[in-house]
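Each in structure tokens, the structures are laid out below.
Consider the two complexes below, in which chain A is the common component and chain B and chain C are the respective partners.
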Partner chain A sequence: MNKKIECYNPVIYMLRSMVGLIFIVFVSLVALVGFSYYLSETPDKTIYYFFNGPFLSLYDFGNMINMAVPLIIGGLGISLAFRSGSMNIGGEGQLYFGALIATLTVIALEPLGRAGAVIAIFVAMMSSGILAGISGVLRYRWNTNVLITSFLISNAVVLIVNYLITGPFDDPLTNLFSTQPIPETAELSYILPPSNLNTSLIVAVAAVFIIHALMYRSRTGFELRMYGDNPRFAKYAGVNVMYYQIMPMFVSGAMYALAGSLSIFGTYHATIKDFSSGMGWNALAVALIARYRPFAVIPAALFFAYIESGARSAMLYSDVTFELSSIVQATVFFLVSSVTLQRLGLKKRRI
Partner chain B sequence: MFPIVQMHSIVKVYPYTLLKANDHVDLTLNEREILSLAGENGAGKTTLMKILYGMEEFDEGMIEVDGKKVNISSPLDAARLGIGMVQQHVTLVDEFTVAQNVVLGKENTVHHLLYDERKNSSKVATLIEENHFSVEPDALVGSLSVGEKQQVEILKMLYRDVRVLILDEPTAVLTSQEIDALFSTLRSLQSKGVSIILITHKLHEILEISDRVAIMRQGAMIGTYETSLVDEQSIGRMMMGETAAVPAKILTSIDSDRIVLSVDHVSIERHNQKQPLLDDIHFDLFRGEILGCTGISGNGLGQLESVLLGELPISKGKIFYHDTILSSEHKRARTREIGLPFVPSDRLYTGSSLTAPVSENMIATSREKFFPPFGIRKRKIQAYTRQLISRYKIKSEPYQAIGTLSGGNIQKVILAREIEKVKDVIICCEPTWGLDASSASFIHEQIIKLRNSGIGVLLLSSNLDEIISLSDRLLIFSRGAVVARFGVGEVSTMTKESLGPFLLGKAVRVKRGKM
Partner chain C sequence: MNNRIYSVLAVFFVLFLLSPLGAAGVKEEAKADDSFSVLVFVPGVAAGSPPYETMVAGANEFAQDKENVSVKVYEAGFNQAQWEQQLTSLVATGEYDVVLSTNPSLPEICERVGEKFPDQKFIITDAYAEGNDQMRTYLYNQYEQSLYLGYLAGLVTASDMEFANENLKIGFIASQEYPLLNNHILPGFLDGARLVNKDIELDFRVIGNWFDANKASDLASSMIDGGVDIFAVIAGGAAQGVFKTVTQKGAYVVFHDKNEYSAAPGYVVGSGSMEQKKLVMEILSDVVNGTVEYGKATVVGLEEGYIGFHFEDPLYVSSLPQDIRDEFASFMERLRNGSISYTLPVL
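So, the complex of A and B:
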């Protein structure tokens, strides 16, 4: 047999692997333009503000970056979990729950000031970590499907959190369904006023380095990837199966909680009902686009934030509703889940 | 004699391994004949038949049915042409009745909508009666014995009016009474006009049942012969080819104080089945020897590997590594946690991670050397991989995904990785299965080198050439039990022919107690 062995050049491979992604982004933006003409009376204006809106002022630009922060942090957790084969899709609940726990803890620990905020974030991460970890334990113990358990648990938790916010912990002083505001000492400081961008960005960037090191520069990461690639092989090589079914779930839950609590401490300053709606799913889509590589999570998250803030300004200056962004995001989400599309630029492999 | 199926110059190359499973193979099946397709494990028999049944694509060649060129790209196409195949492993729904299984996919319905229980059941009952089968149409398949399940598989084919029936090693799991019943069924089918291809490697069955025999070896068709004109010896010789030169054996005696691995009366019992999967297996492995274990597939070698890998818990007995207990009753063996060097038979899915680079596969079972408490020793990994690649003559680069290598090179990576961590024992399962001759002999050299340096090698292999030429002592498995033991000096006097009766469970040679 004179078959050439596929040569591996990392740079060319990376470029080739981008082809599918560029195609997906292109299709989704074409869909956007199409829908603008269909839905809007002033399509030119809609399209102009959609693409340029985020760059028209420092305020818009800062808000866009700020929107990317929870997506980066959540996306990192999901990258780690999915890379190890733990399909955690309960991000909505884990993020929301974490945010509420952080808010309540920081209010209770007000006398401790900044230390209270740190403790609150830690407690929130632990709680959501355990919440997600339950699915991992169920999988290890009874071989349940993480995809389903994490989703169901998350849905239930969203309802419980809604009840807590609108019931026992509702702040009677506001018209919103919301908890009491967090103490001012716990609020993160702004980086780019008047926008909402705050110091949580630093945490997000640091998290990228930490998760990258964990996944690609440590024994744990090596074993985790091994388990994700081929569980049979990992088991054969003596990898602790229990650990890699539970730990990635825990870490991704904790990262969602971190994303949620930083949103509260930096942007919202109280847990408002449904503030995080969609964040969990978007972070998951970000991880899918980034193909679970921590450094690729940043541009993927920025892309999602760009679409969202583009839609915001199109809504403000033209006549479309905010749902336009959901259409684009949904298109991306839908297309990016296709492995065939992702491998568009790569050579076909006969299986 | 009218040829019903003709396969012309079929070529099939497996991706990943680039193994040439069929190399310009020709095969003709005549109307109303029973044709045996014979050959050793990995000769390409099953692949050829899967091609005919539309389960595998082929790269070159042509298939004719009734003298017309046909395109068979799925089992559905094959069924339309009246070709049916009974797989080696039964594929039935345990929770369904016999009748439901038989009609599945071609049910009689009421108004094209509802399943017609009575009609289906009575049709299958008639079919059973016509063919003198023993199963009940309303019995649950889960409650049947293996032989009865096979009857159901054949019924499935008859219900679909097949003209060509392919059976893949149907006798491997049957008792001798069941085999007799199967053969009389096949003869009556033949008299009704069905043409039958029987994949087998049992010589006496070929002579007993078939009109002609087609013999394959290493992917090539050696020839097709009238059964009345050949005998067991000549078929055997054609199946196995010229026997490879036997490497010199150094070992003449075994130091019995140096036991490394000891399997102590291990059994695996099955729920609701009398015949255990493993039946009181008992042996010790010493330093500086190759202990061979062999048997026909389905007779316990696979289970022994699963037990040693820690996949299957054992029902009775114990396994020791020196004085450490690896496994005891109802436990899985801790072989992998302890990290004993192990070359698994499933090299693609258990032995390697196909999408990961060669370097990561190379360090997978000795991770502790390359990961300090924090961080990774990238340079050390690269250097280590390059060193092993050159020492074991592997054709690859460290960063290449291992799935892009050939089967021989993948196996060399696995072997290199495991040999590097050998202390005093290594377990090798089917180390050369499906490999080309040069890779195989390279691997044999490595195994002999290990033995000569005082390592205990447990070799599980269904390749008799390999077993006879490498083993110092030999255990033969049949129906889950060790039926014959050959000690030092005895193995080299054995030939494949003389092992035959033991492999088939027709002869027993067991000295009780330790050997």
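So, the complex of A and C:
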């Protein structure tokens, strides 16, 4: 009884909750430095360009921010799904499928100009939303594991999309495995030329506010979080179980499609085979690092983009391969999945 | 105990923070006035790909005895979607006087990169694009190579060799469809075969990637069941599946660009050649001398000595009867001296 009772201070709690993340990032970057000395003949050059490369020019900086955009949008969708207990890990397929649907729709609606692009994004979001929603429906009807079904469906969809790109929708006028290019009217404007940074950044930032409002400023968000924390309690409290098993899956699928569509409209201008390879998984890692908080998704996505961008710079100027960034990303992914590490700074908290 | 762990972590943390600072002293060496920097952009991985390996070998050999010429080889990997951004990043460094690459898809990528960096020059082999002042392209006459390989395939399918049947059906397995394949390689192959017998038909199939040997094997197997007795294959690593199937089920292969007789001895009955290394060294010499005509596209073929056929391999001699080899040699001679003429299709 003589123990001092600590008052709950949200600022201190936030700082403590970051200790684990800082440790994870630190270990990952130590791994990077270690591997640089092991793999590179010019390790100091490799390390210099890895850390400073993304800031050496506006081009590199713009590309880094652009890389973060789909991770922010995808990470938001995943945050919402995971917060409600829906473990959607089918992002790879949902993003790729959404991108293809958006591309084909905008080409078909070319006469409508920019309106066609908006409709295409909407159609893509609906399509991937339904694709992800299937796992939610299966869970509701037959209590299947969303983790497994979303992953399996995604894997199959990636193969189907690959077939469609290299087969029926292959552009015979290009030497790449690619669909036809989207109409120029559908292309997003560049913000920082010659980098690829484009106006999709505005959509990503807006999405952060919208998802935050949905999760923390609405009754739906409150019920969703309640369902995620304790489904049984939520059920007895009168929460609509079907809704919170399907809706978060649908929204996360739709957000992945938005990420894919904007990548096409802003950066690639056609669905090129495997353009999104790894984006779905990285968005998942971003959501894990952010611990499903919409505003934390931005720095988490920037961190991932920084690693990728830095590795690219190191590869350009030094003698290492791109696998260096994969090692760092894999280390982050591996460590961030540990709840113990994530709660490192919270262990001693007494209430 | 905890304090000790934190101390160790703190030491690591300080060392970690210092490492980039220490590296901050890294500075690029100043470029000499007469120095010349070449970026060899490999759209894939050099190992295992004859055109890429020979391009890299040609560039390195050229730079070997020239102190003022430096070569940076960059392998962009198999993800085509990443090629443009990687090339843009490389060009954005401003370090390279010229970008050298090879692949029919590169002109469209270089054109987009060139719009952002109007001073950058590109030289691309195995591709055709004219009218762009930043780009010089050299296209191997793949119609011509396919014409003579098709002629050889026609001779084999119409022969009484062990695995030849009376269906007059030849096969072509490709990784993907692209303009050079559709407009030059496939028509050339069929045209060549029909110079032997105008009733010969072509069965063409697409794998959908450059690595799936199992799918290539399945396709070859189904085509053999459908009456094909000789194949051409342009499929990167997936071609191994075709070699395996022809060996097991009994059929023949003619191969573009590279000596592949040993891949399936007795079954690979013809191998074309592409003199990429020679062309790359000549191009780099022109680049250094400042005699490159940017904006121009040239088609190089049999007459210029940039494509050919591996006649000298003992496996070629042992896999085909004398009469077919004589007939084929005569055809090649007539093609080389111009007594057989053809119209190169529009790409």
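To be clear about the criterion, the second predicted complex is superposed on the first by the 341 of 351 C-alpha atoms of A that agree within 3 Å, B and C clash if a C-alpha of one lies under 4 Å from a C-alpha of the other, contacts with A are read in each partner's own complex, and residues count from 1 in each chain.
The criterion applied here is as follows: a residue touches a chain if its C-beta (ideal position, glycine included) is under 8 Å from a C-beta of that chain, and two chains touch if they have at least 3 such contacts.
What you see is a predicted model, and the numbers here were worked out from it, not measured in a lab.
Chemist: Would you check which partner chain A:G238 touches, where first means chain B only, second means chain C only, and both and neither mean what they say?
Modeler: first
Chemist: With the two structures laid over each other on chain A, which partner does A:P194 touch: chain B (first), chain C (second), both, or neither?
Modeler: second
Chemist: Looking at A:R217 after the superposition, I want to know if it touches chain B, chain C, both of them or none. Which is it: first, second, both, neither?
Modeler: first
Chemist: Mind telling me which of the two, chain B or chain C, contacts the most residues of chain A?
Modeler: Partner touching more chain A residues in the overlay: C.
Chemist: Considering only touches as defined above, state whether A:R225 meets chain B (first), chain C (second), both or neither.
Modeler: first
Chemist: Would you tell me the residues on chain A in contact with chain B in one complex that are also in contact with chain C in the other?
Modeler: On chain A, no residue contacts both chain B in one structure and chain C in the other.
Chemist: For the complex, which residues does chain A have touching chain B?
Modeler: Touching chain B: residues 1, 3, 5-6, 8, 10, 216-219, 222-223, 225-226, 229-230, 232-238, 349-351 of chain A.
Chemist: Using the touch definition from the top, list the residues of chain C that touch chain A in their complex.
Modeler: 9, 12-13, 16, 19-20, 22-26, 74, 77, 79-82, 85-86, 88-90, 92-93, 103-105, 108, 116-117, 176-180, 182, 206, 208-209
Chemist: Contact residues on chain B for chain A in the complex?
Modeler: It comes out as residues 13, 15, 18, 20, 309, 336-339, 342, 344, 349-356, 360, 364-365, 367-368, 370-371, 374-376, 395-397, 399-401, 404-405.
Chemist: Going by the contact rule at the top, pick out the chain A residues touching chain C in the complex.
Modeler: The contact residues of chain A facing chain C are 26, 29-30, 33, 43-45, 47-48, 50-52, 57, 59-60, 63, 162-163, 166-167, 170, 172-178, 193-194, 196, 267-268, 272-277, 312-313, 316-317, 322.
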